[in-house]
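See the structures that follow.
Both complexes below contain chain A, partnered by chain B and then by chain C.
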Partner chain A sequence: MVSDRLAIETVDLWKRYDGIDALRGLDLQVPTGSICGFLGRNGAGKTTTIKVLLGMAKATRGVARLLGAPAVDAEVRRRVGFVSDEKDLYDYMTVDEIIAFTRPFFPKWRTDLEQKYRQKFELPGPRDIKDLSRGTRTKLALLLALCRSADLLILDEPTAGLDPAMAEDVLQALVGHVASEEMTVFFSSHQIAEVDQIADHIAIVDRGRMVVAGALDDLRDRFQRVQLVFADAAPEVRFHAPGVVRVTRDGRVLTVLTREREPLMTEAKALLPASIEVSPVTLKEIFLESVRTED
Partner chain B sequence: MLFRPNPSSGVPIYLQLMEQVKHAIATGAMRPGEQLPGMRKVAEELVINPNTVAKAYRELEHEGVIELRQGAGAFISENAPSKKDAEKFRAAQEAVAVTIDKLRAKGVADEDIRRLFEAELLATEGKRGE
Partner chain C sequence: MLWHKAWRETRGRFITGLLILTVLSAAKVYEYVVAQRMMPMAESVLSGAEKTPLGDAIRDAIAVQREFRGFIWYNSFRDNLTQLGVLFAVLLGCGGLLAEAKKGSALFTLSLPVTRKQLLGARVGIGLAQCFALAMVPPLVIPLLAPVVGQSFSIIDALVHGLCLFFVGALFFSLASFLSTMFGDIWRPMLIAIVIACGAVAVQLVLPELGLFRLMSGETYFRTGALPWMGFLATAVLASALLYSAAETLERRDF
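Here is the complex of A and B:
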């Protein structure tokens, strides 16, 4: 199998349901070995994207690839683990039973990891799955996904509804696993803080299209707030620099929110302000600004 | 000894880690030649991205603060930019010792010496030339 530099790739992906375009030309690129956070408002197309990637829905148009192969290819999906919000587990089984049931399907099953996670997650072997708490069900689903030696793990809101301690356990299991095994993680989330914490790449989708994507550190470096203070009333200016998201005038102060710091700085300095101050923008703001200003 | 960075602070996590290591060296918590914890361990304990830890370690190596030795791990450089701080600290220690000796020779009690230092520090707090 050819190892691709992109674990997930979509090109101009469209998906139409009953006359509604849930995805409208989505371009997604998740580099191999990265932990990528997938953000978007409710209804923006996150779940649809995941469904198409996992072959649970067929694209109307465009390309979707997992680990270099078409997403519809059943073979490649054996190398992909999935942890969903509903935690599709067989309620009538016990923890032991579902592990025993799942194991034979995967020749590369890691019994060492099974022992490790059984202990770490404190999974009660003989307990019925239907009697487990939400957090424990998530951890069980995670064990099943991690022990298969998947090259790619896709998670749909893995910490939704979990208390902070449980959520942290899940995040720790993910980073711990990525640190010692080679795996790419793609997870959708509404928790900006956790994306900040563990992701090195992000993708923000809005109305079926990608609005922001890339390495998180890179985005944080380019997306900045620039504050200009003038000796007298701040000038009314239209900036020509690309990437300007929002300009606010308040007396002697001009505040500019921009996606591209460098070009703006050049224009800002030319205005000869009394002072220029650059400050970072939080991921939350990047998200809010990106999903608000799109046409 | 390395603690969880603040993901929402606006300062990239790898930079926060680098600062923590440099600060540890400046305070003497870590010394030249000593080994840093492994990258995997740091990622797992701090619950942050392993690539981020790797980036921090690479940058620290680039700045000459640490050395990455193949197969052995990461070590604080012998010439890490801390020597100046350590020397400054030693010189300060000497100055304090000399002053205390003088005061004791004049018959000033230890308790009074302590109070004098504290009072002087408080009184001149805002006037530091920093």
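Here is the complex of A and C:
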């Protein structure tokens, strides 16, 4: 069932390259209006997912939809902005030329934003793209994506290869843009801090499968660290409560990372610990534990 | 805008080809004067020679070149424009989305709201227009310059030879376009297309009636005045099949 509340939806999405499954039944849902950070280890399937969503690679099976339309529909890309991880553009064009080239494809092109970002990013109009630094190319690629008046912005590692100052510039521009325009942003990243900074939704993919997804606040509420301190050595115990991600035992302390606190608490209290302490976990911990459990 | 992009990607090769072919075509007009001065010497050398297939071929070549029309056909249409025409048609057909993928800009192109068929269509459209110009402009220089050396050359002849160059050139352009949907660099499509062109020369030696380069030089028209309609039709069908295969191959590709 496809919902218009979803800007991106994949159902049981599979992609096989040369006998290797890059995506293995990926179920992804990105709500309209959200800023969704797409996390995963190298080779987890992030770029493949983005390529399938944009029709650059064909799904082996399953459903992929953008803004309610099939991902292979070229017309839907009129409503989508995209910045690839390499940010490679046409080397034989100048900055002015590539902007003039891109503009006619998008009837709702925002010339006001074009002027704004040309100045803000200090883009040298007559300069050849091949002579631009990686940072300036990233800014140009971002301008070409933002001025489309897109309903959905897809960014593949937008700050990859940038120095921290340049990465911050790009993120600030992105946050500023999203604050003033109604749009959905879906971006992949290795930088958990940067995802934490701007995302309100998270999707963590590992080995081609979705392992964690949801609103970041919900995830922070759900994921908790429960520490049980015993008078003597902590017992070796196997929890049956749903949502237990990881259990570690260290002397008198048993630490449990869980996605669902309440069922665990009942089971934990039955062990009669001296004390029980519940503390929040960071996004980095959620990420690391989520991908580690798949090992 | 896709047309503009295709033009920007190929204009260097096209302009180089147009200049070289046009200059060579013009040079042959002036060369006729020099060649005519040497003709009696060549005839006297051959007059006492034995009758062998090679000798006959040389005698035929000399006989054909006594007149301006024959000289131009033998040296331009049958030689320079045919060989270099194939080379530039292949060069124009090389490149495209796969070559872009190697440079990294293909993802930007594929994020535009256009289909792969539209991308290929623009490139093929521009490429065929360039092939047409490469086939037509150099021959049309000949009737323009012929009066300078006291000769004349029919514009109709120039147009017909231009058409012959175009049809076979378009076939090699289509072959290179198809190969470019299979290989990400421009070298392999170019080399394979040139090897196939050499194969076509070998086929022509054994089966002259299937000679692509005979068709390209307009030999039938030169010798009999008849247009090679069947040749035109056959090359058009083959070129269309190659372009269709290119579109299908590109459609299935992952980037």
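The rule is simple: the second predicted complex is superposed on the first by the 290 of 295 C-alpha atoms of A that agree within 3 Å, B and C clash if a C-alpha of one lies under 4 Å from a C-alpha of the other, contacts with A are read in each partner's own complex, and residues count from 1 in each chain.
The rule we apply is simple: a contact is a pair of C-beta atoms (placed from the backbone, for glycine too) under 8 Å apart; a residue touches a chain by one contact, two chains touch by 3 or more.
Computed from a predicted model, the values in this text were never measured in an experiment.
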item	value
A:A234 touches, of chain B and chain C: first, second, both or neither?	neither
Touching partner for A:L171 - first (chain B), second (chain C), both, neither	first
Chain B versus chain C as contact partner of A:S180, first or second or both or neither	first
First, second, both or neither for A:A268, with chain B first and chain C second	neither
Touching partner for A:A71 - first (chain B), second (chain C), both, neither	neither
Shared contact residues on chain A - chain B and chain C	none
Contacting residues of chain C [partner chain A, same complex]	1, 4-5, 8-9, 103-105, 107-108, 110-115, 118, 252, 254-255
Chain A residues within the chain C interface of the complex	17, 51, 54-58, 74-78, 80, 82, 84, 86, 88-93, 101-102, 104-106, 141, 144
Residues of chain A that touch chain B when the two form their complex	33-35, 168, 171-172, 175-176, 178-180, 192-193, 196-200, 217, 220-221, 279-284
Partner chain A, residues of chain B touching it in the complex	7-8, 10-14, 39-40, 43-44, 47-52, 55
